[in-house]
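One chain, chain A, links the two complexes that follow: it is found with chain B in the first and with chain C in the second.
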Partner chain A sequence: MNYHGKKSLTIMLACLGLVFASPVMAEEVAISSGILVERQITENGNSRAEWLAAETVVPGDTLKLVFDYQNQNNVALTNFVITCMVPPSVKAKAIDPDQLVSVDGGKTFDRLDRLTVAGPEGQPRAATLEDITNLRWIIPQIDIGAKGSIHYLGTVN
Partner chain B sequence: MILAGLSFAIATPCHAAGVTAGSLIESTATASYDSAGGRGTVSSNRIALKVDEVIDLAVTSLDSGPVGLSGSTAVLAFSLVNTGNGPEAMRLSTRAVAGSDFEPVVQAIAIDSNGNGVFDEGVDQLIQPGAATPEIAPDGSLRVFVIAEASGAAADGQQGRVTLLAEAVTGTGSPGVSLAGQGSAGVDAVIGSSGGRAQANGTLVIQSATVSIAKSASISDPFGGSEPVPGAFVTMTLNTQVSGSGTVTDLVVTSPVPVGTRYVESSLTLDGVALSDIADTDSGSVNKDLVEVRLGNLAGGASRAIVYRLQIQ
Partner chain C sequence: MSIKSYTICQTAPRRWREPAFGTLCLLAMVSTPAFAAGTPAGTDITNQVTVGYSVGSVQQTAATASATVTVDRKVNMTVTRTDTASVVVAPLQQRAVTTFRLDNLSNDTLDFALSATQLGNGATSAFGPGTDSFDATIVGIFLDNGNGTYDDGTDAQVTYLDEVAADANRVLFVVANIPDGRVTGDIATVRLTATAAAGGAANTQGAVLTQTAGANTAGVDTVFADGAGSGDSANDGQFGVINDYRVSAAALTVSKTSTVVSDPVNTTTNPKIIPGAIVQFCVAVSNAAGGATASGLTVSAQVASDMTYVANSIRLNGTVVSGVCQDDGTAGGTFNAGVASGTLNDLTAGSTLTLVYQAEVK
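Up next is the complex of A and B:
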């Protein structure tokens, strides 16, 4: 599961502040979605990968699709279930084995290694990263004012 | 964010097409939770990235080997594939290849307009050197023909190579270079791993053939000797040999009946098989002045023996 503590999230958001559009403000909790693109940066002859904000991508780009959340209520929130759809032109990449995913458009969720899809002749085959249509995270509790962030990686088809 | 002194490398994918240039990648999430007020739900904002156009292409030869040049021209076939993710026209040109036995002369470049896999003169669209093809869809391909002839006095078996070069009309350059606003639907174009250009070689091989005829005569006189006296019979043999890697077509061998002799009726044979004297469905015919045998197409290495008899008057 890719969610972090409040401190690291604050640092992350400070770095990525320009990336995210204005979050939707609900009465109790806010979720903000953002997309970062992996870019190779060369400095003094040395190359390294960094996650950068971008307005455009090309096929083959690696994306980090990020969702930040914050409890704005005056009580703790429990059983927080956040779900996203993998964009049709993106393939999920290297997920955590315990990650809940769906391969049927969000009807059912489970670990990827427990899921199957119909093969070319109708027989079931093991689901792969390319089959993932949705991802889900379950966070037991978000304290008052607490923030968190989750993400997954994807490749532009 | 200021990143002075840094350079960014945009991904330069080498795989085919992918998501179409100009399309959007959108991401959003929804959540549900328990709070004091019961079960609540919330949705995130929707964020979208636009997909730039990657300029990429590939050219490969479709010929399984050197293409024989036995006539005046030969046709080299190539496949031109748009491996980018946007529609793209490609400029076509040819180059000589150093180290060839001879330098082929390119007469024309054409695209397989009717898609039948062969060059149809007057039907397939000609592309002037440096001119562009019609737009090719992402992952689409065109079959391109290069029609070439030999130069100089190229000998049998010599090879000449031609390079077909294709360059994206939108632009070429180092992989990763971005061309602002020049992609399809107004997005940026990004030069892909091909650099926006691709090329492949095709090879012509000269396939010529030469014909040699060895003519011999043996005499049988009425006295059991071999003197050329009146009444003697002369057996004429025309050994016809084709050499070289090519094929001669519509080969016709004729031999005049010499003055002072007459052709012996029904004596004409080809490789030991009798031919009729009249012009009919077999390959031989004779009139009083001329023996004619139509050998048709013969590949290098073939030989035929024509035999007939004359009588000295």
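Up next is the complex of A and C:
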């Protein structure tokens, strides 16, 4: 394939363990998006947290919002930027301090501790997890055939 | 939850530093109102991702993908008693009121079936001291009209609560009649239980909800998240709480004493009961400690047929000191048809008041 020519991009989604039956074509990058929910599993008297397919979701649940990607092209991909929108009914739970976030609907991205939002009387205040509207990850290069996964945690309001 | 949709879409190619996120940004700015009960059932949560990248130095088409789940119905509620102490009642009191409040902590509008029951003798009471010892006769459950106070004849009797929105609450009254023959300290404990039922249809009680069992269904599933109330378990779609009626009866005792005031021979010095002697009678009414205040006390004393009532001699609300009726009180009362009578002031527990009158021996 001539990678300078017109690209035919096919996205394959595989979420929640349910493979979306897209025909396998000459994919160049495959991304998938999924939602998992944290559940406490008790076995032999021991309790542990597991991430399960989000079959039942109620307020207060902790979600893992997952994105998988794979370079199926025959060249490396560069400046691979993944941007997601935090659903309105979900609050980001905890993020890496270096995580790029937006508190203005995706107009600007920076570390959370560098962002401010308008306070109740118009005065700027430091942004908090509740203010995050979008998250962004930048991967400088994805080699041929390389794949990866990113995620963040959120709480259902 | 139902897995609502997967979407695949592509947006037009853009220069890398101007990614095509405008539409997403607008969506992100639409915020859901904050609910203490949480995101409403049926709300979609969409995990949407947008990817942009370059091949060589050429910016490629941006792409998005998303997965959506639907928030299920989380059933949670509390019923609390808002009385801060036992509701004090008297024997034979009609329509005594205990007050409750239901809070719908679910993320959905629900109906709630209501039931009020009596606990059995010996059951733990809400406030104590002591345990349940009698049953009041429950008249019914009444829904407050919004002023927080039971209004007899105004507040409607209900068997269920209709269309209680998420985070909303209702004030409820359990109204009961108190039987006769109960003594101070007797307790009747009542339990008000609310059972979650489906909302959506006004003016009719929806079906009692059951928790969705087994695998995920296509619709909005139901999850019970309620705590354990009185007489019910956690996660059962029910919540009950108890409240007390506590009897405070006035335990009255009456004694009558007499003193010879004078006679025609000895006058006031060691007078004897001879014809013409004046005798002072004292009717003392005592209310035992620990009970209720007795009000509207009417005292009547028959003047013996061999005596003549001394006109205007009745005095009311006198006192007794160390068992001795005092020569005090204020003029009042009436004498009619051989009976001296009068109405005493409110008689608090542990106190005594008197009616005093004089009569002459015929």
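Here is the rule we use: the second predicted complex is superposed on the first by the 130 of 157 C-alpha atoms of A that agree within 3 Å, B and C clash if a C-alpha of one lies under 4 Å from a C-alpha of the other, contacts with A are read in each partner's own complex, and residues count from 1 in each chain.
The rule is simple: contacts are C-beta pairs under 8 Å (C-beta built on N, C-alpha and C of every residue); 3 or more make two chains touch, one makes a residue touch a chain.
Worth saying up front: this structure is predicted, and the values here are computed from it rather than measured.
Asks: A:58 contacts which: chain B (first), chain C (second), both, neither?
Replies: both
Asks: So, A:43: does it touch chain B (first), chain C (second), both, or neither?
Replies: A:43: touches chain B, not chain C.
Asks: First (chain B), second (chain C), both or neither: which does A:98 touch?
Replies: neither
Asks: Check whether A:133 is in contact with chain B, with chain C, with both or with neither, and answer first, second, both or neither.
Replies: Touch partner of A:133: chain C, not chain B.
Asks: Let me test your reading of the model: by the given contact rule, A:29 touches which partner, first (chain B), second (chain C), both or neither?
Replies: both
Asks: Is A:69 in contact with chain B, with chain C, with both, or with neither (first, second, both, neither)?
Replies: The answer is both, since A:69 touches chain B and chain C.
Asks: Which partner does A:121 contact after superposing on A: first (chain B), second (chain C), both, neither?
Replies: It touches nothing on chain B or chain C.
Asks: Of the two partner chains, chain B (first) and chain C (second), which one does A:107 touch, if any: first, second, both, or neither?
Replies: A:107 sits against chain C, while chain B stays out of touch.
Asks: Given the touch rule stated above, what does A:85 touch, chain B (first), chain C (second), both, or neither?
Replies: In the superposed model, A:85 contacts both chain B and chain C.
Asks: Which chain A residues come up in both lists, the one for chain B and the one for chain C?
Replies: Correct list for chain A: 18, 20, 22, 28-29, 31-35, 54-60, 63, 65, 67, 69, 73, 75, 77-85, 87, 89-90, 142, 156-157.
Asks: If we count contacts the way the header does, which residues on chain A are in touch with chain C in the complex?
Replies: Spelled out, the residues of chain A in touch with chain C are 3-4, 7, 9, 11, 13, 15-16, 18, 20, 22, 28-29, 31-35, 54-60, 63, 65-67, 69, 73, 75-90, 104-107, 133-134, 142, 156-157.
Asks: Using the touch definition from the top, list the residues of chain B that touch chain A in their complex.
Replies: 1, 3, 5-15, 17-19, 23, 25-37, 40, 42-47, 49-54, 85, 187-188, 190
Asks: Quick one: in the complex, what on chain A touches chain B?
Replies: Touch residues, chain A against chain B: 18, 20-24, 26-35, 37-43, 47, 52-63, 65, 67, 69, 73, 75, 77-85, 87, 89-90, 142, 156-157.
Asks: Taking the complex as given, what residues does chain C use to touch chain A?
Replies: 1, 3, 6, 8, 10, 16, 19, 21, 24-32, 34-35, 37-39, 43-56, 58-61, 63, 65-67, 69-74, 107, 212, 215-216, 221, 223, 225
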